[in-house]
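For reference, chains read A, B and C in written order, and residue numbers begin at 1 within each chain.
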Amino acid sequence: MPNKLFLNFLFLLLYKHRVKHLSIFFISTLIVFILSSVLLLSHALQEDIKQTLKSQPEFTIQKMRGGRSVDVPLFWADGFESIEGVVDVEPRVYGEYFYEPNEHHFTIVGIDFFELAHSKKLKKIISDIDIKKFLSKPNMIIGQGVKAFLDRYHFFDYYVFRPPDRSKIEVNIYDYFPKESSLVSNDMIIMDIDLARQILGVDEDEATDFALYSPNELEADNIKIKLILQHFDTRIIQKSDIQKAYDKLFNYKGGIFLILYMIVLLTFMMILYQRYSMIQSSDKKEIGILRALGWSIKDVIVLKIGESFIVAIFAFLLGFILAFIYVFFLNAPLLGAIFYGYSNLPTDIVLNKSVDFSAVFLLFLFYILPFMAAVLIPAWRSSVIDPLEAMR
Amino acid sequence: MIKLENINKIYNQSRPNEFHALKNISLHVSEGELIILKGVSGSGKSTLLSIIGSLIKPSSGSVVIDNQSIAKLPDLHASVFRADKLGFIFQSFNLFEELSVAENITTPLIHKSITPKELKDKTATAMNTAQIQHKANTQVKLLSGGEKQRCAIARALVNSPKVILCDEPTANLDAKNSKIFIKTIKKLHDDGKTIVIATHDSIFDSIDAKIINIQNGTIV
Amino acid sequence: MIFLSNGVIVFLFIETLLLILLSVAFINVLTILKSWNFEATTTKQYILEKRSYLVLLIIFFTLSFKIILLPYFAYMIDTLSDVVPGAMCAAGVINANKYGVWLLWLKIFILFLVGIWIILNHYDLKAENYPFFKKKLWLFILIFALIAGESVLDILYLKNISTKSIVSCCSSIYGASGISNPIPFDLHVNELLALFYLLFTLSITTAIYRFKFFSLLSNIAFLYIAYYAVVYFFGTYIYELPTHLCPFCMLQSGYYYIGYFIWGTLFLGTFFGMSVSIIEYLTDIDLSRLFRYSIIFNTTFILICSTYVLLYYIKNGVFL
């Protein structure tokens, strides 16, 4: 039915009447732009977190006392190692170090550089590092947020920590994290595990928590039961729980936005309906001529709907491309703040360019259906006008 | 070719402003005949022409054109009928002012399945017959009245119709162009087309045609 | 919790819009049916004829979207398995409450009726006197009633999916649960397979020789048995795991979305096999040429299924 000649004619008419469609085109582009920016951004952030989580341990075990978590004794590790399916138990030392003059804090992560099997991201970062040289004196690797912060206070090469025992520990800045990992490592400082113990005030035979690794996800539930049986004063955090919590948070933020957006779309539908219901006498005449020349009501409906559809498609493409540029090349100014929420240190993020095609399809449905639904009745109404009357 | 039996057309049926536009009109036109419907404006000749053109449906009576009954034809079929058998020429040309001559002439063909080559050939033939081929790529709004009329003729001929219907074709033409128009009509008549012209212009008196006078919706 | 994900929000929004449009069409259908008389030459009849174009336009538009929405629904349910604890694929989510399975079957049944409506409409418009006009409008009223019911079920179902309580995963839903054999008529898998290929041959034969009524019967039987054959036999070859019994996991990206093709071709193949005699019953039109599509889709379906078994055999030298 809509063959090449028909499309040709359709574009010809569209071009001749371009002024008529311009306002609708701009509004649609704007709508698509905002909607797809939000979806692209939230998906990119979700992907970023998913990537980070991938290298995370299957379980994290904390010791609880009175509902607060306290440091875990190192000898627990033997018990965990005896559980089948657990391939590695890693005591971790980390914590928040508060910078006194201001209400900011850094996240200090202590690392045992000789047993670094798991975090691929960390591995990549320190693969270029000469470990011997790094460990020869107090050194640290800091995130971009920390760097910016320290620069402000003129600590370019080193920083002086004040551990709980009121001593002073001077630590050199050895390297920085790349910008790509900013979302997670923005306020992070990595250093040797013993140095971290000193600064955070953790006893030598204790750790902040244990990380348990298991290669088989399907075994996770069994391991969890055994872990619960070993100690009664633990909190066990499973990787999939973290994943679900993040998913929920993003769905929630995106969801609120979508619900608000429905109102916008409904308004847009009314505008469309109004706009396309106004049939000018010149339009009427055009339709009358076409009908007299052997076009059926159906042909005219297809023509009218085709016009709107092409406007909609082009607006969609333009809006989406603009959103892509806005999110991935301009790093989503303004909008980003909504998603990052309050952050301890200002974040400067370079997002990975990842697009979820099912989300694009979703977006397309969400936009095109209201658009087309709003023009159906106007299209019909203009197609059934009496050709004789229309040509007068 | 065209057979009308007891055609009635009532506008605004069973409303206060009801208007009986055509009353019991019966009319037979055989193939190749040239008919002129004469009458003042409002006499019902345009309505009659539109019923023949299946643009409006009669309130009662039967219309048979080329052995096809069209009085009750659903729009989907009526439009195919129009596209295959009829060519229209209107009083105010009714061209797309923004499009070129060639584009205008192709409009009756483009919703059909037809190859670009066929389309080109048919358009060229029609333009030749109407002698407008030299303006093929000119926008219609830049044409003179006579050229517009020739473009309209070419458009009416492009689907090689059996029947050509003209509604006040010379109303917007000067005497010279009217004469050219009549010459073209004569030629089409000689080619064997069935032609129906609704007009009140006396210039058509010179033509050798069957003249039917319409007054207040009846043939007199 | 009804707004489980962005997908659900969009899905409900679209369903609502479509329902509103269909309601507009429904009201128009009622007025048209009340005073439709094709023989009449009154202004009213002509207005009704014009109005019928609006009705057809809306119905055509919404029903086309309904066709897109069924696979989308399956996809959405599948993605929800991330949010619903315990669910590994759509099976768990569908069985999260008692409405899920009914909703899915209703959606498929509606799609079947939509297919018949579209064919009916096509032949009605082709004739010069609207021969099936009233039938197709009554069929629409039936579809509209079902879609309204579907919307209620949609909301009931999505509202009652809990993100707290744990649902079963597919292997515990479809897997051998104790002593009772889940395959109908207490068939062994080999017998099921024999019946499956037998019914396929029967459906092809009835299609080739155009035994319309028998084609209807054999396709119903084929659909029923094919479902079990895919879940209890062919599925295991797709997953390459003899204990993995699930009609939904194959919809996931890990299996290259093959499930959409398998269920899609089965639906289309049996749809054309069954619809010929149903439409003939409604219209007296001989639609035997549609059998062609039944043969094409059913054969494609069986080829996809059998290829998985063959490939597994070629790769591993044994059957599961």
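Just so it is clear, a residue touches a chain if its C-beta (ideal position, glycine included) is under 8 Å from a C-beta of that chain, and two chains touch if they have at least 3 such contacts.
Here the structure is a predicted model, which is why all the values come from computation and not from measurement.
Trainee: Pull subunit A out of the set; how do the leftover chains group by touch?
Mentor: When subunit A drops out of the picture, the chain contacts still join everything into one piece.
Trainee: Select, from B-C and A-C, the pair of chains that is joined by more C-beta pairs in contact.
Mentor: Of B-C and A-C, it is A-C that has more C-beta pairs in contact.
Trainee: If I average the C-alpha coordinates per chain and also across every protein chain shown, which chain's average lies closest to the global one?
Mentor: C
Trainee: Once you find the CA centre of subunit A and the CA centre of subunit B, what distance in Å lies between them?
Mentor: Each chain's C-alpha centroid was found; their separation is 64 Å.
Trainee: Could you put a whole-Å number on the gap between the CA centroids of subunit B and subunit C?
Mentor: Those two chain centres are 50 Å apart.
Trainee: How many angstrom lie between the CA centroids of subunit A and subunit C, rounded to a whole number?
Mentor: Here subunit A and subunit C have centroids separated by 35 Å.
Trainee: In subunit A, which residues are in touch with two or more of the other chains?
Mentor: 297-298
Trainee: List, in ascending order, every residue of subunit B touching at least 2 other chains.
Mentor: 75-76
Trainee: At least two partner chains per residue is the criterion; list those residues in subunit C.
Mentor: 53
Trainee: Tell me, which parts of subunit C touch subunit B in their complex?
Mentor: 38-39, 41-44, 46, 49, 53, 125, 128-130
Trainee: For subunit A, which residues count as touching subunit C in their complex?
Mentor: Residue list for subunit A touching subunit C: 39, 243-244, 247-248, 251, 254-255, 258-259, 262, 265, 297-298, 301, 358-359, 362, 365-366, 369-370, 372-373, 376-377, 379-380, 383-384.
Trainee: Could you list, by residue number, the parts of subunit C that touch subunit A in their complex?
Mentor: 3-7, 9-10, 13-14, 17-18, 21, 24, 50, 53-54, 57-58, 61, 65, 68, 72, 75, 79, 82-83, 85, 163
Trainee: Which residues of subunit A touch subunit B in the complex?
Mentor: 1, 3-6, 8-9, 12, 16, 285-286, 288-299, 386-388, 391
Trainee: What does subunit B use to touch subunit C in their complex?
Mentor: 10, 12-13, 57-60, 71-77
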